[in-house]
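One chain, subunit A, links the two complexes that follow: it is found with subunit B in the first and with subunit C in the second.
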Partner chain A sequence: MTTTATLLLRLAAPLQSWGDHRAVLDARHTAAQPTKSGVIGLLAAALGRDRDEPLGQLADLTMGVRVDLPGTLLRDYHTVSDHRGVPLLSANLTAKGRQKPTSKPRYIQPTERFYLQDAAFLVGVNGPADFMKDLTAAAKAPACLLSLGRRSCPPTYPFVLSLTDSPLIEALTEQDWLASPHARTVWQRRNHSAAPAAIDVPATIDDPDGDTVLGDQPTSYLLGRNRHTTRRVTHRLITLSTGFTPAPDTPAGEEHDPLALLGW
Partner chain B sequence: MTYLSRIPLAPLRTGARKLLGSPQAMHAAVLGAVAYHPDPGRTLWRLDADNPHRPYLYVLTHPQPDWTAFVEQAGWAVDHANAKPAVAAYKPLLARLQEGQQYTFRLTASPVMSTKRTELLNPTQTARQEAKRRNNDPSQRRSYRVAHRTTHAQLAWLTSRAHKHGFEPLPIPNTADPAPGIFPFTDTEPSPERIPDIRITRQNKHVFTKNLTDQTGARTGTTKVSIDTATYEGSLRVTDPIALARALITGIGPSKAYGCGLLTLAPPPPQNP
Partner chain C sequence: MSTRLTRRRFIDVHVLQTVPPSNLNRDDAGAPKEASYGGVRRPRASSQAWKRATRIAFSALGISEDQLGTRTKQIADHLASRIAARTSLDDASAARLAAAVIAPLGITASKNKEEESAYLLFYGNKQIEQLVDLVADRAADLAALDDKQLAAEFTSAQARTALMTGHPIDVALFGRMVANVPDIDVNAACQVAHAIATHGAELEFDFYTAVDDRQAADSKGAGMMGRIGFNSATFYRYGAVALHQLEANLTDPAAAVKAASAFVSAFVRSMPTGYGNSFAHRTMPQLVAISVREDQPVNLVTAFEKPITAYGSTGYAAPSAAALAAEQHTIATTWGAPALWTGVTHSFTDTTAKALDEAFGQPLTFPDMLNALTAELTR
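Right, the complex of A and B next:
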């Protein structure tokens, strides 16, 4: 039996955007958490792999995502136009196979893109120990520029947290809460000055017996012919210590708690 | 016996998303918890999604509920103290209610009025009423149910009913701290008007289609259901424990199948010294 290791990555940035097969027409949506396709693609970029190379050992990695700060959704209103001031092209083709300009000329096409703002995720990737060592070195000195789901979303420092021998779930549980001092202040403001000693954060972990099926296991990144298959995951809660000093008369995060009168 | 349950939902699960998006599906799933009881009576529920990443479902059932199937579908399928449904008997609270006690409360209700003023109807309702009138349908002589949509009318709807339900809203204390970033109110003259401590924290509109059936249960068509809801929060003083207990058990207002009407009490906020 080969030994395994877990690489812990911190995916936190002003903006992130994780495509989830809903890129329909003019809207680019984001998933609520990093997708496996996005994270494996990011690691492949760190290794300097080409899009047409087979995934190899990257395809067999096990991934877990811990949502330390879920972030908020940003909708970006976006327009497309031609800088020469000519009409945009339509889907109709000429006899030579060129796109015709829009008849009833159209100069601006509005689109929308969605981003996660100020989110912080802890991503654990588990695989054979020797391969994980190479992967960690590559993630620390990436061959290509890395981005969190979209080219316009670079990651912030520190990106690589550690490489441990612990199994995936233990590694995700042992790591401290990723919220920065400022993010902790913002968290408290959003939660009505609550100061609990510990909070529960959700985590999504690869599990062959899982109860949820996600369609983001990559099989090919070939441009225009990228393919995905499904994977099974479980959703669980991980208790983390916050570092707050709980005051006796501040609410424990729950705004209205009817069970407090019923002996809970 | 009556039980209050709190079930944490896992919003990333497909089953939970279906329930969060559809009051009809949620109602069906909630009734599943008391499905094996011959006469479960009226079940009330409310979705508290203050934190959309950690929504809670509160349910009041008369028989003891079994949330196993519900959790398999939409809950956290993990062994964690904060992920499991909490079920508490309601009787201790009902027995403890006494005149003069103070509590904070939360209620999601569908404030409506009945009116004969046809100008308040929308085009669809007007067409329906016209059809009834042409067919000489006796039901057209009844008043029409119209939703309150403004905050003012929705607040008045609850304050005017408070006495009937056995409570009165507490006034906002004059010594209340100003909101963050607002200068303190320097006028020392106390306001003669008592401002009731009831606020609307959320307003929602649900529109969905519902199957119509005849007496044999066969489907005869569909109709559009539209519900305007308001979530009230505030503090109250008990004036009539019996009436309040009835309101707690049977709910307040219409659309009780769709997550409206469940009133819950919580301990009063700590008093400012």
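Right, the complex of A and C next:
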């Protein structure tokens, strides 16, 4: 039996966007967390693979995503126009199957693009130890420019956290919370100054016996012919230490009771 | 794939630029775009807006037309007119040859001159001449063939080769994607992040009224009135170039260095033009720092996750520059990832300048820094 290893990646940036196949002409959506086709595509780019190369061992990797900071959704308004100033095309076709220009003519097509802002994810990828070693080297010194789901979303440093012998779930559990000191302050402010010593974060992990089916297992990245199949995953919560010092428990009998002042 | 074989070099471009009240890039409500980072809302200008400004700046920098690309649906028409210009053929025959040359690519389905391709094709003006080369010497003989014989004369490989070599620099940098002819795709060699402010800033509104010069004396109303959203920000802008990808796209190392330098120059000097006449926001950067790395590009936006605050009279620019220098220093030391080469142009003094010296080296003028970058890339 071959040994396996887990590569841990930190996917964090001001903006990221993980296409979830709801891409239609005028709206580009994002999934709430990195998709498997997005992450495998990122690793293929790091290796310098062309789109037409078979996925090989990349297709067999097991992936887990831990949502350290879920971020918020950003809707970006974007326009498309033809630089020659001619009308855009409509959905109607000519007898030859070509699109007719819009009538009355329209020159600007508004589109919507969605991004996740302020999010941070821990992604674990598990596979044969020798392949994972090559993959780690490629992720540290990628062949191509990398991006978090869309070209305008470059990752921030550090991108590669570690390569460990631990199995996927252990590796995802052992890694500290990715929130930076500033992000921890913001988290505390958003949670009404709560300072729990530990929090539970959601994780989505490849599992042949899982009860959820996702449609983002890549089979080909050929442009216009990119294909996906399904994979089974389980969802679970992972408990992480926050580094906060929790307020000491209020001694019994000394709860705040404003009505006591009134003698009630 | 050649990018795996050649020596890898990434060029990081970091820019700090302060803009006065302005509305560079607006959303559908007319307000400047924003994003939340580090828990605070900040002004943002999209990467698409700044890439378009960069492309437009190429011609302002005096890059000649034949090094640039055309994005059009009328490649058949363009090719036909170039064939007619190079040979003595009439327009109809030239159109017939043009259609035959590109037909194997599946770009156009008809010999009709008026037909357009189904999408905008981004190709180089030099590349169109390479397609003309395929027919120029024997144009008269080819025009005499019937449709079937003519079609047999051209293979998709010929047209593909012409469209895959000698890319114009904008295609080589920004890439090309043709969904139904993936063979002629070009992988982009650069990346531009959305520009975001290093600090939180409120969206404000300018209420304006315009007076009617010929208004009746007894009328007190305004001619018109309205509101424009605006904000003022110190932006962090980041762009990266993969020089090895650029070399693969241009198939010429010397041209790749020239194109990389043109990108740096155009990206740094460009500015989206939104509401330009209302706000006259055209400023120059206060800092441009460049790193050349062999391992990976490094985006320093993390320097501003904790938003910069302006105490007293410092403004945002100097503390932003200091934070950028500190982040560069931290990444080089903590993560053991120093850059191969760094260069910097800035206008800061005192302690900020000292921090920048330690992180990026002695400041140079922008033209000198570009020369030093070119020297490093050709080394």
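Note that in this section the second predicted complex is superposed on the first by the 232 of 264 C-alpha atoms of A that agree within 3 Å, B and C clash if a C-alpha of one lies under 4 Å from a C-alpha of the other, contacts with A are read in each partner's own complex, and residues count from 1 in each chain.
The definition used in the following text is that a contact is a pair of C-beta atoms (placed from the backbone, for glycine too) under 8 Å apart; a residue touches a chain by one contact, two chains touch by 3 or more.
In this text, all values refer to a predicted model and were calculated from it rather than measured experimentally.
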Which superposed partner A:His235 touches (first subunit B, second subunit C, both, neither): first
Touching partner for A:Ala183 - first (subunit B), second (subunit C), both, neither: second
Which superposed partner A:Gly263 touches (first subunit B, second subunit C, both, neither): first
Subunit A residues touched - subunit C or subunit B, whichever exceeds: C
Contacts of A:Asp200 with subunit B and subunit C, given as first, second, both or neither: first
Touched partner set for A:Arg106, first subunit B, second subunit C, both or neither: neither
Touching partner for A:Lys133 - first (subunit B), second (subunit C), both, neither: neither
Which of subunit B and subunit C A:Arg227 touches, first, second, both or neither: neither
Footprint overlap on subunit A, where subunit B in one structure and subunit C in the other make contact: none
Subunit B residues within the subunit A interface of the complex: 4, 6, 10, 12-14, 48, 50-51, 53-54, 58, 72, 76-78, 80, 82-83, 86, 88-90, 92-93, 103-104, 106, 233, 264-267, 270
Subunit A residues touching subunit B - in the complex, by the definition given at the top: 32-33, 67, 70, 191, 200, 202, 204, 211-213, 234-237, 239, 249, 255-264
Subunit A partner contacts - residues on subunit C that touch it in the complex: 1, 3-4, 8, 10, 27-28, 33, 35-39, 46-48, 71-72, 109-110, 118, 120, 177-180, 182, 185, 187-194, 196, 238, 240, 242, 244-245, 294-299, 301-302, 305-306, 331, 335, 337
Parts of subunit A lying in touch with subunit C, wherever the complex brings them together: 13-15, 48-52, 72, 74, 76-78, 82-84, 96, 98-99, 110, 115, 117-118, 140-147, 151-159, 180-183, 186, 189-190, 222-225
